[in-house]
């Protein structure tokens, strides 16, 4: 119980820290003061330290030689690499699922999510809720991680999605602001369908390639908005990208 | 001059034969009678024979043990294989172009075709002309075949596009009849852009995968219409597919 | 019967022409005189013409504007492209076989060929016969073309192997002259095993990649010998490569 | 200084724990008692706890609901997945290096390692030292991780190599015991050369595929020895594989 309590304080600290970074309250290279964070987040030193260690492990912060942590500065290449890495591991999951073959039940479960997105996309524009898309899209990507039936792949995908800029939802908010928003969704959802089609047909090379290309949509979104500060504020950590 | 004249008679015979097959005038397995064809097409025996040999080489006809040719019967797998083969060789062209790198002039030329399709797609629905899309799409695929700067690849792509069902335009007519027509075009044209983006960035594996997936759109179109006889009549040779 | 006789004269003409080119009797760009060929090969004009047309279709000769045919000149890139094309289509065959799955009988048949090569390679050096390797290697590649169960793929692979420099055996003779000969065979045969392993495990992306890399061994062999005229004389058509 | 001292106690604890697991002193599923470990390793509780947390993060141990850690049980699939994951990320590194292009200096550095292995392999059998191969092979794989010039890729590769069974050296010891040892090295080193050749020629798809296939050699080694307990004792953690 004591431990569960400690966990939840740490989680609060992690979420609070991530939000500060998202909002741009932290500059690239800025040293993270434990005292300031204790005051700002209203938490004690132990969970703050655990949260700092966790964000360093994820790569948002880095250890500094004199002790403690500073916010990292990221380049465009860092963002592109994080997206490529996530796409590569999602591609591995998709390929293994296709090669190993899925049960009908597993296929039905993932097709049910697709049908949910189909129904959402078929709604008239005024009744389309983007939050529903984000939710269903998240479910689809979580389901994909389960398909190969491998603990290792599931763990690795969860980890890589927690890397800065790598999450499948990281740039969705940005996407919603683009003039071509609807067309980008049509393309992305077409990739969802093609991915499941390929897995069901046991076309592993195809499934892997689609998952990778799907991830690169995030890169295209990123490139479209990198000069737009209003949009950048909506993506966690994007204020740390200095070029 | 005599030879050029002979060529053009042969071309007439090839086109006439292809049209007969498209219209469903020929049944799968039916023996092609030279005498009947001479009468039907109003051409002499020599160009008819050359046309039969050519269509046999392309795979629409097959030689029969007793001499002469018969219309081949095709299965769903034959259609899928032809599309996969074309996508594979277009993928090779795209990958080699990316790996070898293109001049700015070559990139500009292919981007100009993309801009033409962009402009076409931006028109209001009542001014969108599908024939323009077919024309520009054909230009794009022809340009792709030139990009690696390889005579062999260009020749092979021309040949493979002449195989039954393999042409990038074979199923476009069908596509135009689908209720989701507009969305299919949006996806296909998004693939055109991603393909050029990948080639320009020298991402060969990505370029290859996109070209393959782009070809598979034809397979998806085929599967949607295979039970629809009215639509099938619009695709050359589709009446020869017996399942 | 008359036709079968005609076929065999044409075949003689094709083989005779190929041999002349292999021996370097024909220079790149040289016009092929029908009269000279009639005399040299001791065959009549009709089979000579058919053979010229066939070699033009394969790409060893090209039509010239004034009528007739000339020997083509090839570049290093032409050789590399032909090998890459063959590897790409063998890769397609391997991938489709893996994705579609093979019967145990089909797997056993191809494994029997591997076991034959295993036994050959296990012989002491003085009892190793290279001609046996060439024969078994040819059987393996022929079997690979059958595995997807697709007439189209089988036909296309047969055709592409007849292109200049593209055959899996084109550079084997050269390989036998290399000091690292034994090690090259060990690597190549290891790829045979890995390829069958991948197909049996339904790992299509892996099977495709191995088939491609296997073909590139021919490219490495080519690059090793391109300056060595004695070796070049052993590869059909290599005297037509001008750089 | 205090911190550096603490680090080194933790490192001792990590190495000590890993060795216990390698030797098979720990059974799959067995609870790790802090008290026993303190006594066995002669270290205090703090570094022991840090080491347990680290090995849990790497996946050798797992947290148990009642608190503390137990040794995980691994299946054959877990071993195969770890190798496939490492090969996939090494493949990503190789592909990005090829696509981005390397400086001549970077290529020379990696070719120097290849030349070192060439020289080693050319030695007569009695002067071949396997430890030298292990060292140079490690250098090659470390260099590969640097080639894309990406902090993220370097960090991720270091991390994935620390996963159970995923390291490029994990199964090398096993390999050295196989009768076909020499031939396996010839194949593996041929892949090293082909990999660098592909990167230098900017053939990214090829480089990625070779890196993946190279990793799968570890899987083949694993499958050869999984029933051989004497060999299994040489691979860290292999005693935790229960089938």
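A few points about this structure:
In order of appearance the chains are A, B, C and D, and numbering begins at 1 in each one.
FYI, a contact is a pair of C-beta atoms (placed from the backbone, for glycine too) under 8 Å apart; a residue touches a chain by one contact, two chains touch by 3 or more.
Given the structure is predicted, the values throughout are model-derived calculations rather than measurements.
Note on connectivity: the fewest chain-to-chain touch steps from subunit B to subunit D number 1. At the interface between subunit A and subunit B, two copies of one sequence, more than half of the residue numbers in use are shared by both copies. Subunit C has its Cα centroid 48 Å from the Cα centroid of subunit A.
Here the CA centre of subunit A is 40 Å from the CA centre of subunit B. In this assembly, the C-alpha centroid of subunit A lies 28 Å from the C-alpha centroid of subunit D. Listed for subunit C are no residues, as none touches two or more other chains. Arrangement of the chains shown, judged by which pairs touch: all-to-all, with no pair of chains left without contact. Looking at the complex, you find that subunit A touches subunit D at residues 3, 59, 67, 77-78, 81-82, 84-85, 88-89, 92, 96, 148, 150-153, 155-156, 160, 163.
Taken in their complex, subunit B has these residues touching subunit A: 183, 186-187, 190, 194, 197, 206, 209-210, 212-213, 216, 220. Across the interface of their complex, subunit B is touched by residues 95, 99, 101, 201-205, 208 of subunit D.
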